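You will see chain A twice below: alongside chain B first, and alongside chain C after that.
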Partner chain A sequence: MNMQSMLAPAGLQAAAIERLWWIFLIVTSLVFVAVIVALVAAIVRRNRDGGPSDRAAFRGVAAAVIATAVTLIGLITVDAFTARKLASLETDDRMVVNITGRQWWWDIEYQHPLPSMRVRTANELRLPVGRVVQINLQSADVIHSFWVPALHGKRDVIPGHANEIWLKADTPGRYRGQCAEFCGLQHAHMALTVIVEPQDKFAEWIAAQRQLGPSDASEQAARGRQIVERGPCSTCHTVRGTDAGGRVGPDLTHVSARQTIAAGTLPTSRENLRKWIDNPQHVKPGVRMPALGLSRDDIDAVVAYLGGTQ
Partner chain B sequence: MKFAVTVCVLGTIFVLACEREQRDLQFPSEDTRRVPMIPVTDFHAGGSPPPPPVVKSPFEDNAYAMSEGKRLYSWYNCVGCHAHGGGGIGPALMDSTWIYGGRPEQIYASIVQGRPNGMPSFGQRLDDADRWRLVAYVQSMSGHVSSDAAPGRDDAMQTTVPESRRAQQPILFTGSQP
Partner chain C sequence: MSADPQPAQPTALDRERTELGATWAETPGWMGWLSAVDHKTIGRRFILTAIAFFALGGLLAVLMRLQLARPEQRLVDADLYNQLFTMHGSTMMFLFAVPVMEGLGIAMVPLMVGARAIAFPRLVAFGYWMFLFGGLFLWISFALNIGPDNGWFSYVPLAGPAYGAGKRADVWAQMITFTELSGLVVATSIIVTIFKYRAPGMSLDRMPIFAWSELVTAGMILIAMPAVMVASTALILDRLIATHFFNQAEGGDPLLWQHLFWFFGHPEVYIIFLPAQGMMSTLIQTFTGRPIYGYIALVLSLVSTGFIAFGLWVHHMFATGLPQVGESFFTAASMMIAIPSGLQIFCWIASIWRGRIQWKTPMLYALAYFFVFLVGGLTGVMLAAVSLDLQVHDTFFVVAHFHYVLIGGSIFPLFGALHYWFPKLTGRMLSERLGVIAFTLLFIGFNLTFFPMHQLGLLGMPRRVYTYPAGLGWEGLNLLATAGGALMALAVITYAINVVWALRRGTHAAANPWNAGTLEWATASPPPAYNFHPVLVVRGRDSVWTDPDPITVIGLSCARREVLITRVVDANLDHRFESPTPSIWPFITAIATSILFIGSIFTPWAVVWGSIPVAIGLIGWFWPGSKSAPQEPTGAVIRERLA
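Showing the complex of A and B:
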């Protein structure tokens, strides 16, 4: 279910890349076999009746050169058509998403002309099926690379340089993406979950994301909110609708609605949230979030507030 | 003989470099919100001076902590008031003038407690390790750490002399806004 394979494409471009990959695999395999056969034949027939005449040698070499050139031109042509296909999506009727690569997570913001309608989330990209999406890629620190094999090829995320990638997902499902450029200690735990769903379900999801932060109805959750707002959490994290407005860590407004925490490191659950807050360095050594030294009670309160009903 | 000397010299350099980048990911996270009484000046009335407090930086001359401190310095928006050391809304941090003391424990106390005329208290907002990382970096801004540990370059375009090449400034207590 959690697919991370370019051989199982879920979009137009990934399908083009997959086709190209198969063509290259087949053609280069044939070339390899032909070369090996020729080599073996040459070894077996060496020095038989004094070698080939000059004329025969010339013919052989000429044939090999022509075959090579034809193959090469053929592959370049196929490649050019694939590149055209990859670039064929650009249109004005698209959804714009800004993704910022950070050590070691993905900061995702759905754009909207009205700032209040923008949605900021992390590590989980939801896309409506069949909709063209323009993803603007930026980096906040080092070079990362955005790669969701089921949807498209890699695109580097470079600090100080605006990059973009256009996608269209045709099959609903859950696909795994991964940072594809070594970016430090926890590069391996910098995953991105892409969830492609029907238009109406997506609309429902984004409407829910536009709601303000979690409820603090229960007494424990109210205390959790107080800790998040006044304690160290708010230095880095945002919970929309509260005083917590830090911008350097993931937006926690709807953290419990995401399937994983810490960029795909752990599935979201109250127990895992507790483990994470207690000592992030134990779960993901080197991660930017420090162990805060909160008491057991405080952690439970924060989890009661942020953790939703799971 | 020559070979042995080379090996010895290289070996010594190698061993000396050992603790430079020590990365203590499991920093003891005790509740250190209460800061012991730390005097903000060396001046005192009569008698012998009080004993120095027992607060010590865990990251003295730790290159990794300093580079992390440098990152936190802009993450937590110290830059907003102190700029990159030159000051602005807040006082400069790369000169020799210290209103509330320039020793590590005094810088620590200023960060935790806040100071009059605009410096907020970050005691509730930062965990202990991050405070000390910031202290280590602030010290490096005026050359008060060994130059092999101080950050040697910026992540963005370099606009000032790198911390590792700054001359050590004397610590002058002014005790008031200059």
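Showing the complex of A and C:
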């Protein structure tokens, strides 16, 4: 229910901002009540005592203006301290992830000094709890905005600008993020799942991600692999360890291990994968992937190959 | 206390008025309709056209609310939805809010400063036609399915040549050129009217606050609008002849667009907001029956808001990754603008305290302002805080915020002011009963629609999404907002019924039905074509209240359209000047300019060949006529001096 709420923080920065929110809400509510009370009093009192002298009116207005200025200075100060806290994470001991915003999905690459140890995935960011993460944000096309409310505020993803955002997740769980800058037709379906898990589980996951492509043990899966490698799929998609090496669409090596497909549009299941491959334009109209015109059998074979053991 | 100047020598004055009526009359027939230059006619056209666009923009909002009523609904597809919110935003900002404020300025400012005409009336007529043609251009494009779909902010590169296919982004960019040109010429006229056309004796510190607000607004238009015209022209150049203003691959920068756009876009909000503050002061003064408290403070608030408004555009860009020091500066500047806004509110409360409220419909709108705008202003303080903004930016929280600011801060005072000035504009009174019903529906419907959106934003719902998944806690609040939208629609329909009814059956208005103090109420409702005869001399603020038997000016010709030019600060007599007569040329020039503008989104050659008809139009417009040169005020004398 609260996977995407800024009021349910799971990270240091989101918690700091949430605290700031409550401070602002309380202060501004008091101001609201004070002004409305003054207004009502002004309407009511006039009829009793015939209104204030010029001097009394001046004093009232001057006091109110001074109170406004003091309140604002207070709020600016609290905000400045929060801003410092948000920027306090930077350290050398961090994990680096590159995220590229694309119409309309997130291309995610876990960095490692050894190229073979890098992991590429899409639309699902797994983070070890308590670890500082530096995320480098790039855009491959238009402006997007990276936003996981449970962890931090937004950071725009702008072509030609190298932006970064630093995160530290404190509570394990599953969170949702979503592109926050209008980026075209399917802006509404550009979500990101964030899974925060204990260090050991994360280590397991990333080790599994480093394995090469899915199994093609069964006859149907072997045929599926053939279609992926020689058919239209490989033009855009990569399945590591095979001939499919396209870089336009998401890496499909471990697509079945991800919780959603099409950037949060559908939960991952064989049935949904089938639906998606059959006609992506029906599921997410305008998506860059065309309907491929594969036969029923071919789709089943591809799903048998990519869809893993679910 | 009667505001109607009683003629001392009825017969002579009546004869003069008849002659003046003939001198200032519009040309009859449909040619005359196209040639009109009377500021009241043009002002009414501006207001009516802007409200028609308001209704259209509102319809789009209803469609959006229906689509968002339930999750994953497929009533409207992504492509249409993106056009809907782009058209809604662009229509409300460029075709409704700015023009309606200008329209009221055009119609009321010359009357409020006691002038016989607006300065450069033909230019104002040209401004109206450009506005109308720009609006029609946008809406016809939308009807032909080439409506813009990149948002009212039209960010590059999404709107640039690589991603903005077809002519959609060009239509948006060129609509900007139309409306901003219109805005600039009208602003020029309003500034000159206020500086040079004021009644003798109306020094700047005696000027009605609404005129001050229009003056500050017009000044802001002159500074803000060129920024967006430059930006939209650069966008068209990028798209049409492959310049690279915004192409990062060739040394351009997409952020340049954002800076230019918001350097205009933020002051734009205040361009809509400030005239409404003038209306608030006007309504509160009239309906408390006493001069407004803190005149100087209110004027200084308007002026300082006008300045500070240019120092906060970056708070729209906090998420782009700017240096922290810069962000802090813009946070502080954004919060500081709350001080002049607060000062105005406090002065109004003091005015209410000192006066006695007449519970008329316009005053209800003014009182609603305190509740609605205050919420919007306070969420604005939240958005100014960079840390908090990073979370709520581009969510429904912002949608809630700026509707509270713009509807609460501008539309409520505007609807009140339209109700208030309706008798002056049309000669008829609106029904109080229907007025109260419309107000009540609007107040409830508005809060029902937009208050839940705060919560939606906090729960993480981003803006500009054509649909959303179930299960994030957004369904109920969205449904509530849609229900509120229905009430708002009902309120606007009630208001419209009231207007139609009043025009057919409404009681005829007296010269000063609300017993107000400013000069527009010193002449008949509706005013004659020449506004005032004799021209009044001003000896204090709110002179209808303070000076029931004003001295007047004699010696202005009745056979020519003479207006009195006064000095900028003290409004002492300067000279007489002949105001232009009706002319078809502004209309023809506007058509030629429109052809140039529309053609130039298809080929750069349209600028070359299209300039020829524009030149012909301008030559016709400025062809030397029988108009006499400026004259010394030897003939115009303030009667007191003779007596």
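Worth pointing out:
Everything below uses one rule, namely that the second predicted complex is superposed on the first by the 303 of 310 C-alpha atoms of A that agree within 3 Å, B and C clash if a C-alpha of one lies under 4 Å from a C-alpha of the other, contacts with A are read in each partner's own complex, and residues count from 1 in each chain.
One rule holds for everything that comes next: a residue touches a chain if its C-beta (ideal position, glycine included) is under 8 Å from a C-beta of that chain, and two chains touch if they have at least 3 such contacts.
Because the structure is a prediction, the values reported are computed rather than measured.
Residue contacts after overlaying the shared chain place A:G293 against chain B, while chain C stays out of touching range. In the superposition on chain A, contact of A:D141 is made with both chain B and chain C.
In the overlay built on the shared chain, the residue A:V96 is in contact with neither chain B nor chain C. Legend: residue contacts after superposition of the two complexes on their common chain; A:A83 is shown touching chain C, with no touch to chain B.
Looking at the shared chain after the overlay, A:L30 reaches neither chain B nor chain C. When the two structures are aligned on the shared chain, A:P285 is found in touch with chain B and with chain C.
Set side by side, chain B and chain C differ in how many residues of chain A they touch, and the one touching more is C. Touch criterion not met for A:A208: it reaches neither chain B nor chain C.
In the overlay built on the shared chain, the residue A:A57 is in contact with chain C alone; chain B does not reach it.
Contacts of A:C236 after superposition on the shared chain: chain B is touched, whereas chain C is not. Chain A residues in contact with chain B (one complex) as well as with chain C (other complex) are 141, 159-160, 285-286.
Across the complex, chain A is touched by residues 23, 25-27, 29-32, 75-76, 124-130, 155-156 of chain B.
Interface residues of chain C facing chain A in the complex, by the touch rule stated above, are 77-79, 82, 150-151, 155, 157-158, 162-163, 248-249, 253-255, 293-294, 297, 319-321, 324, 327-328, 331-332, 335-336, 338-339, 342-343, 345-347, 349-350, 352-357, 367, 370-371, 374-375, 378-379, 381-382, 385-395, 458-469, 471-473. Every residue of chain A that touches chain B in the complex is listed here, in rising order: 141, 159-160, 230-232, 234-236, 248, 279, 281-282, 285-286, 290-293, 295. If you check the complex, the residues on chain A that touch chain C are 1-7, 14, 16-17, 20-21, 24, 28, 31-32, 35-36, 38-39, 41-43, 45-47, 51-52, 57, 60-61, 64-65, 68-69, 72, 75-76, 79-80, 82-83, 86-87, 103, 141-143, 145, 147, 149, 152-156, 158-161, 163-164, 176, 178-188, 191, 264, 285-286.
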